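Same chain, two partners: chain A is paired with chain B first, then with chain C.
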Partner chain A sequence: MAGIEIPTELQKKIEETGPVDLMVGVSGPAGEELCAKAAGSLHGIAAKTVVVYAGGEGSAPVSCPAPSIPLVAYPMRAAQSSFPLWADIALAQQSILALAAAWKVRACVMIQSDLAALNAETIRLFAEPALEGRSDLIMPVYPHGKYDGLITKALLSPLSRALFGRRVRFPLAFDFCAGAKALAILTGHSSSHNGNGSHLMWPANAVAMRGGQIGQAAVNVQHSIQTGDLELSAILAELAGSLFQEIETNAADWQRVRGSQPVSRYGGEFVLKHDAQPVDPRPMVESFVLGSRNLEEVWRLVLPPTTMLELRRLARMSAEQFRMTDALWARIVYDFALAHRMRRVSRSHVLGALTPLYLGWVASYTQEVGGATAEEAERRIEQLARVYEEQKPYFVSRWRWPERAS
Partner chain B sequence: MEPETITTGAATRKRSTGSASDPVWYKDAIFYELHVKAFADSNHDGIGDFKGLIEKLDYIVDLGATCVWLLPFFPSPLRDDGYDIADYMDVHPSYGTLDDFREFLSVAHERGLQVMIELVVNHTSDQHPWFQAARNAPPGSPERDFYVWSDTDQRYKDARIIFTDTEKSNWSWDSVAQAYYWHRFFSHQPDLNFDNPRVLEEVLKVLRFWLDMGVDALRLDAVPYLVERDGTNCENLAETHTAIKAMRAAIDEGYENRMVLAEANQPPANVRPYFGDADECHMAFHFPLMPRIYMALSQEDRLPITDIMAQTPEIPESCQWGLFLRNHDELTLEMVTGDERDYMYLAYSVDPRMRINVGIRRRLAPLMDNNRGRIELLNSLLFSFPGTPILYYGDEIGMGDNIYLGDRNGVRTPMQWSGDRNAGFSRANPARLYSPVIMDAIWGYEAINVEAQEADPSSLLNWMRNMIALRKLFKVFGRGTLRFLEPSNRRILAYLREYEGEQVLCVANLSRVWQPVQLDLAGLEGLIPVEMLGYVEFPAIGPGYYPLTLGPYDFLWLELQTTSATTQEE
Partner chain C sequence: MWNHVEQALHDSMARVTTKVAQMLPGVLAFIVALLIFFILAWIFSTLVRWLLRSIKFDERVGRGSGSLAELSPAHTPTMLAVRVVFWAFVLVGVVVGLSAFDASSPQPGIADYVLDYVPRIVGAAILLFVGTVLARFLSRSVLIAAVNLNLHYARLLSLGVKWMVLVLTAAMVLDHLAIAGAIVDLAFGILFGGIVLALSLAVGLGSRELVSRSLEREAVKTEDQPEEQRLRHF
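Entry: the complex of A and B
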């Protein structure tokens, strides 16, 4: 793999151990709890298992008296990205992929360094379909309520689904499992598309493009919120920008895909949370209106006149009346993806100008599902995904002939 | 990446890797041919140079080209625009230095561009030290033997004269050597003697010199004429192929992912041997196709195209045709019949000044009378025919030519970057430019330039960018098979391209007026044609003829989609 060098000592260890069935890769440094959690969750899943975690300068190796599962530290490269948290995870994932290839593993479960996914049930849900050859890649579906993960629901998931053709709910999850075929795909994809290694990995999209079988597992994993004090616009820019880049890189592939296919499901029904607190849409509508005043110059360079007219109409509405249609939102996302590719405006400006529009859609969504159950909200999200698919020809058409649309 | 050190006997040399990772990268490539001298002048001396070219590489990348083909840039008296080389291993001082070239190569590679240069080894300049040594050396000496000498000008009488406007014989008398020397081109370009093994050794040194530097591809200039034999026309001889095989073997032995392209202006059947069994050239120009495309357009009849393609043999899997509409030379009519040549002269060169040798010295846009529809149609054929398209600098903006300049210089004028002085090409005194820029009202740089077309969403430049980007999305164009359809309306050219399950139907109206057509698409029933530029679904193909109507010079690229990939319910 490009840019990943396995230290001699580690290489020697790999040779001594020989091929491994299951690797659990922790995409970051781990604490002492790794020892107990690994021991408690990994027995009986595969004949030969190894756990790898990020080590490196300044971090002491996990001390594990008489470990029943080998724990191996891999060197962690320093991230150069302005988003240290996710860049670190991306770099760690690259290292884990390199180790998985060197160890010739049959399945590799990637988990976040909070170890929330390191429990017997989750590892089994992830690993078994890969080890048994039922799926090449298993993505998680986390428990979620109607207001959780809205960037994923509004943009990342439906856009990935429409373009890459697989109905994956969390396409950017940092917990997932890759079987041998998916590992080969991700290793190749990563070397050819990832200059400095800090580009976020979109495993489901990459595997879908190479014809791999994808499954989704209903995992009962709750991560602590990682975005901390980061601003919404920065998070949205990072995530949307990463997906837009992925779209540009794979343009020759996703334009062949028509419609979408369901993926295999593991672990029963997805867990929906019903304890959502009411959301006030007014601040979001205000942000939209403010954006329509301050960012219209950028919007006009990105969006066609008909969209601009609809946005102006929306900006005149009261918060109660405010409704951005799914079709309008999907076309906006497609136009922003195109503007990101065309670079007629700087990418940071393009991505920054997306936030008020996103808030406009979220305001509409929260009003629509305010009185709905979690199940009804799920159907609402499914409806949005279908609209993205319906609008895909608009995107392909504009991508192929990117003159200003009407 | 650091160059690798190679030791051969007592000699050591540095070898850089090429920039491509796919061994057949040239199949999906878009070539962009340019003169260093004509592209951009960084030091204001009126002549383009490598530093200027480096500054313009982003333009080439934005256009969508993937390989830059540089015309000769070596030290030369420049009596044949650099094809008269006086030193194979250096850069002409007007264009910069070897270090400038290395920098250019490095920057091009950083931008994902491959680089092809010229290997002009059929002949040298008469100023080359080899020739100066040869003419002063005694007959039979190793130095003398680098060239082809004779006491008489009656040998090889069956070899045609190529530059008919200037040369009366392929032999010229050298008063120093007191002998005739052989030249297939200008008399100041003596042919090297490939019967002498030392010549091939020296050629391989040249080849390695550039490939070691990291150059990705070499164009073998005038390759059919390397060897001469009495009783033949001195073209395409077996001994010539032996020499090419030796060059290819040296490349395969020492380098990965490099390419050689044959310039063999011959009928397709005679070009086929230049691919060998995939052990000679990776690519060869398809010379006869080009004039026939123009003929088909003028006659509004597809026959000239389908006829020449029917004569085009299969080539090895790893090989590829190089396709072009125009290049730095005249639109050559050597590979058409006498009647066809007369027709082409009448159709495309009203003014005799437009003709040179056996061809027409004009650029694409003037040949098309600046008709945007015709320019687009021809480019659509270039981008959709089996082979790798090669663009000539300036044709992407519809640059004109200057028929009042001598030789082929009328199509080698400075690139028109903007409406500024000297077309933005140079800040030198206009009188100092290597060639005047084009200044007339229709073709002048104030009317046609990059800056204006970049600002105009409907410009030819933006159209070309879109078309190139579209072509690059579909490997079928570079790698797929070709099958012509035969609708009764011969003004319509229709063909099917197929590659690994990907099918594209191309339909072109060669006529200046609307045309109906009924296509026999038997075997494709049920497929849905999707117009590729706008991604618009057409009616599904049924059991009968498929009717289409095309406006003047319209073309359609239709991706044939199956119906099975629609959304499945969960």
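Entry: the complex of A and C
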């Protein structure tokens, strides 16, 4: 894997151990609890298992009194991103994949450094389909409620589905499992990008483009993400910017994809959390209106006149009547993806100007699902994803002929 | 007496006509040199444009992060390179024309004086270009950031930043051109300080109600934080 050097001691360890059936990679540093959790969770899943975790210079290695499963530290590289919500994790995942390829593993389970996914049930759900060859890549479906993962619901999942053709609920996930074929795809995919971690990993999109089999596992895992210090605009810019970059890099592939395919399901029904009370949309509507008043000069450079007219009409609506249609939101996302590619407006400005529009969608969504059940909200998201697919020809034509205004 | 007046007028007309006649070849040489170099500039800029487009220069430069396209997206790298080549040839044409004018001039030295000033003009032009681009970029960055922070005086902040950068740029350009040094320093200080003071007064006093409403809204949002936290964007 270009750009990822495996230290000499680690290479010796790989040669001494020989090929391994299952590798569990922790995308970050780990403490002493790793030993106990690994022993309890990984027993009996595969014949030969190894656990790798991030160990940097100056950090003491995790020691186990009687290690039943070897724990190996890999060097942690520092991210060069200003907003390392995902950058550190992406770097760690790339390092783990490089190690897994060197170790010739049959399945590599990636887990977040909080070790929430390190339990027997979750590891089995991830690893067994890959070890048995039923799927090349297994993505998680985390328990979620109506108001959880809104950026994923609004943008990451439906956009990935429409362009790359697979109905993956969480295309950007902390935990996933790659089989041997997916490992080859992902290590090859990562090597074509800059190795400094500025690029996030989109495993489902990469495997979908190469015709791999993807599955989804209903895992009962909750991660607590510390985003208190980060503004919403920074988080949205990092995630949307990375996906837009992925779209630009793989433009030749996704333009050939028609529709979307369902993926295999493991572990039973997806867990939906039930939220009792509706959310007040007024703060988000106010943010949208403020953006509409002040950012029209920027939006006009990105969006066609018909979309601008609809946004002006929306800005005049009261909070109770505020509704952003799925088609409008999908076209806005597509236009911003195109603007990100064209660079007529600085990319940082494009991504910053998306935030009020996203909040407008959130306001509209929370109003529609306020009195709905979790299942009805899921059907609502499915409806949004279908609209993204219906609007894809609009995006393809604008991508190919950007000078034409719709 | 009228004969003397007539003689004086006749003599001065003759001197002026002689001076103009002496300068005319130099002026014509200047114009011809400039025209030739304008044509050369057009030819070479067209060649450079064709060459850069054939090697996909824009795409190659645009791949790096923090590229020029981020600061001045409306000007592609190819267009900027073509313009640099064009105006470089024009500048050389001006220099050659001035030398030709100087060579045929009865009072040599004009060209030296102008040629000594050309680097300052070039430096000032670069300063002006960079300052204008930076002013636009920074004002838009501040506008977007302020809107995303729900600040209702976002546009005011953005305009203030833009004009501060433009005033600073203008002062630097005039200083570089060595035009009215002390006056420019004083005027800049007064203007810049005035803009900062005006912004402070606008925020602190003039838009007191606006700020207090904005702060009240933020305080209410803080009390409603449990509701906001029920929305998990990621």
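Operating definition for what follows: the second predicted complex is superposed on the first by the 398 of 406 C-alpha atoms of A that agree within 3 Å, B and C clash if a C-alpha of one lies under 4 Å from a C-alpha of the other, contacts with A are read in each partner's own complex, and residues count from 1 in each chain.
What we mean here is this: a residue touches a chain if its C-beta (ideal position, glycine included) is under 8 Å from a C-beta of that chain, and two chains touch if they have at least 3 such contacts.
These figures come from a predicted structure and were not determined experimentally.
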| item | value |
| --- | --- |
| Fit or clash - chain C, chain B, common chain A | clash |
| Touched partner set for A:I235, first chain B, second chain C, both or neither | second |
| Touching partner for A:T366 - first (chain B), second (chain C), both, neither | second |
| A:I151 touches, of chain B and chain C: first, second, both or neither? | second |
| Touched partner set for A:N294, first chain B, second chain C, both or neither | second |
| In the superposition, chain B vs chain C on chain A residues touched | C |
| Partner chain(s) touched by A:T306 [first = chain B, second = chain C, both, neither] | neither |
| Chain B versus chain C as contact partner of A:S260, first or second or both or neither | first |
| First, second, both or neither for A:P393, with chain B first and chain C second | first |
| Chain B versus chain C as contact partner of A:Q11, first or second or both or neither | neither |
| Chain B collision site on chain C, chosen from 19-27, 37-45 or 181-189, when both complexes are overlaid on chain A | 37-45 |
| Intersection of chain A interface sets (partners chain B, chain C) | none |
| Chain A residues within the chain B interface of the complex | 165, 167, 251-252, 255-262, 386, 389, 393, 396-397, 400-404 |
| Of chain A, residues touching chain C in the complex | 85, 147-152, 198, 225, 227, 231-233, 235-236, 239, 275, 277, 279-280, 283, 286-287, 290-291, 294-295, 298, 343-349, 352-353, 355-356, 362, 366 |
| Footprint of chain A on chain B - complex, ascending | 457-458, 462, 466, 469-470, 472-475, 502, 532-537, 561, 565-570 |
| For the chain C and chain A complex, residues of the former touching the latter | 62, 65, 69-71, 73-74, 137, 140-141, 143-150, 152, 154-155, 221, 224, 227-228, 230-234 |
